[in-house]
């Protein structure tokens, strides 16, 4: 690849408890404009991979590069000013703030850009513009997910990290969430998303990494993996053969 | 295919030949989200039952509800002839339904041995007045200490007997928590992710312990993500997704169930999001 | 009792103002008095006997502690002073037989009082003579007076309680040293206004600035390092208790144990059946303006919104790009300034000493807990409830129990609704 | 400076009746906080109830010593139950605020003139110790003890006070080493785990609150018995925080800790006070007068409390691993 990847996570080793590594030598590349999926069974280390890119888990070995710059273990507010946005899986809105205030927090470091970014975000999520004065705490799970994504987009990120955007949503809402993600990506934002719903994720993403026990076990385009019979085996073990 | 566990064909909520726990209409809502919505569920006595499902399926919430650590919005359940809805968690434990926790709750600043002794439920010395009369509990204490030592040996923790539980590794704490749960000879042991964080070297012995429980007549219900473990030891598998029971059956069969594959790999596999726009998704599904 | 009089009737107000002024004179002229007195005892108890604004001479006053007893009679200005050899709580009794004919105590049993010299070297003792000004009022008038006082006191409490609430919301700390910031505000108001003779507005601003600086220093020197060590919240709470004791006794050493009269009582203003002072009115207006200002700050400004965001979810705030430590620092400064202002206004209306803030600390906690921990609106509502309970309850129960009534209300509400009146359930843990 | 006198005074504090009273209260608090994890900031109320219960039973009911002691204990036990039922289910810092509020409210109630005839109002109660001193087997006279000298009454209250400390420590030792004490520690570590093992957490917490409160109420009785005066202002929050300092100084989850912590605390306090008074008299501290030295004493209490929690939360005797603040 001639072009410098937007995000390059190189052989990461990371974990929460001393002595226990969740990630073991895990790598990931995201190029400009790509929609990258991270899938794998529970406990494979998907969220941990995302959090170690965003400096929320201490990286014990390996490096994270952003456009060629070393951002390993950088603090969250530094990463935000470098254009990395992160949407956690749960508790991802400020419930006592209105939708508009939530979005304002997104541009906390550059308040002057609010109007311009607000327009961009409400183009993708028109509902947020219509209901700007509503408290985020009164929203449903799907609506909160929109607010959270909208807030992350406010900084005009060069890369957006999403931790299970479909979690806790009804099937219809899940589909809507995926399509929104696709739309955000089409607007030019590089997206790295962790997903539980592997099939949906694979349908929309350009490339995906399949994690197994803290390692990147497979990678390929979404379509290739979608039709790969090994996927079922990975998720459900060898159970089906018994 | 016939099995000895369910009455008739396995299906979500099917009747069991000899259930130890029968739950009906259990629902629990957090805000607007329905975390658990189980119409009917029976756990077979004397068997090892696995409760599986993707993240957020409501497995741990179900555990919390059944053991009195959380209060349901609706629902009733019956454990071994006792109505349990609304019963305090400690009373549930006293009836012989002992649980462990996903994040281990080893009592860090007690020794391993004291952790074990605390698992006993019949110690007269735990009464306030009796605690002054050492003779009244001395013999019982010796008895349960012997029992604790035996269990610690079985779980290969005997060398750590005098250490603070805080000094154990994550996997050892899991073992300690399980061993502690066995101190009171429970009828039903409920293990919440017993393998999470356990060193692979210990995995095999943990599996053996669980199998051993069944041999000694204890019913086991466990939540687990590790499918290898589920395959190895369970007699029956219950699959939850989005708060509901979506499939049940012997492990070999249940994994062929399309509902289970959907639950794990994502629903609506027949439509393709790559081809639809937002408007379609809203109306079409 | 004394705090109440000033707001209750003209006579009582003037009476108290005079007495208080006299005390400050007494203090300033302490060496002269000591020279008059052959005794060189280090501790003294003093007061002035007035009946209907007129001094009463030749009244016998006796102070007793264990086997020590001494008596004096009031001089022609009604003043008396007893010097005593050791610390302790003295029983002080006025000999009713020495009162002029027709003069009686206001309350039955009011001739016995006490002087607490355990912490200080000077104590003032008041005896109230003549008809009570309260009994003449009808029930509804009394209620109105009480509600007015409750509103006034509640608003004052609200300003300080918002300070506690902001700090709790952003850092999780139950700060037991908060009362000392109230004291600091009041005492520095005294320094600037009475001591340095500055104009009242300059003095108030100066005192608020001192407390704000203290808040900044506290966070920079103590709390931030402890947060960095990831100290548990309960542990920090105990540190704040220690800090409160240290701060309180430093204030005692620096300012002495006497009660400072800061505003001189102000001018009396009548609103229907309510007698109040211009200071109280202005204070009330300031409180309302400040509360509105805080509300605007929290809902309209970028920093205010970020403060609410940090209270909601600090880790998400950090992930959004907010510098959480900077917000916390700003919160400490703003909260301290508010609390200092509460101290200034309190001191102007009710006088102040080194224990002023400590005495109302639990009322502040009660207000914050009552409204729901960590929300500014909750703290305001809680403070108004507490202010009302304190003032209105004293119509029905003995005056000394009015603070107790507020605390009992706190306990009862926590039993019924642990999350507080406006609190959210998830905060209970 | 009179070093002999300073050492005498310091030594006197080691075995003083007040020291014994505080140690008893600290032992009770060790039961609450050290062994059960309860953040009780109202220990002064338990002591006050012991003191007032005794004095009121003697003076108002005319009961003898045994009846009065029983009544004092009963009052503090009742307080523990009434306070515990609503608050022990709430988060730890709620208990802290409720206990401190209840203690203050109680003190206001004792000090008010409304119940003057029973409580003595702001003046408190005095001369209720006749029956207690009737039990004194020591004949009248002055008794030297090393460099110190005591009257028969002073000796008697010290003997009784420290005997009570010994008995309370023994009881606590038996309790905490028993399976009952093990359950308490289990609750301190993790309430949910204890529940999952079938322990009635609430009942154990109430028991702990009552036992610790009863020990503190004995402390309150010893405290007022040495001077036979019981005044409401004694039982302020400073009293409670002094007990916390003693407990944290010695080590919260130990039995010996509160005992040695209390002795060390008062000996140190007296020692520094005497030295400072000496320096003031010699004119070395021109900015202080004698009265202020007494104030610095309290300042030091606060400072010690802060520094202990920050730098040595386990105290002198505590095992660092054994003490943790939950939260």
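By letter and in written order, the chains are A, B, C and D; residue numbering begins at 1 in each of them.
The rule is short, and it goes like this: contacts are C-beta pairs under 8 Å (C-beta built on N, C-alpha and C of every residue); 3 or more make two chains touch, one makes a residue touch a chain.
All values reported here derive from a predicted model rather than from experimental measurement.
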Shared chain contacts [chain A and chain C, defined touch]: none
Chain pair that, of all pairs, has the most C-beta pairs in contact: C-D
Chain at maximum distance from chain B, centres defined as averaged CA atoms: C
For chain A paired with chain B, centre-to-centre distance based on mean C-alpha positions, whole Å: 32
Intercentroid distance (Cα basis), chain D paired with chain C, Å: 28
Chain centre separation in whole Å, for chain D relative to chain A (CA means): 56
Per-residue multi-chain contacts in chain D, two or more chains: 324
Contacts with 2+ other chains: residues of chain A: none
Chain C, residues touching no fewer than two other chains: none
Category of the chain touch graph - line, ring, star, complete, other: ring
Interchain contacts, given as pairs of chains that touch: A-B, A-C, B-D, C-D
In the complex with chain A, residue positions of chain C that touch it: 302, 305-306, 308-309, 311-313, 316-323, 375
Residues of chain D that touch chain C when the two form their complex: 39, 86-87, 90-94, 96-98, 100-102, 104-106, 108-109, 111-114, 116, 122-123, 231, 233, 238, 241, 244-245, 248, 288-292, 294-296, 298-299, 301-307, 309-310, 313, 324-327
Chain A to chain B touching residues, read off their complex: 17, 19-20, 41-43, 140-141, 164, 167-168, 170-172, 174-176, 178-180, 182-183, 196-201, 203-204, 222, 231-232, 235-240, 242
Complex interface listing, chain D residues touching chain B: 171, 174-175, 178-183, 185-186, 188-190, 192-201, 207, 211, 321-322, 324
Contact footprint of chain D on chain C as seen in their complex: 42-43, 87, 89, 91, 109, 112, 114, 116, 118-121, 174, 226, 231-235, 237-239, 241-250, 252-253, 362, 365-366, 369, 397-398, 400-401, 403-404, 407-408, 410-411, 414-415, 418, 428-429
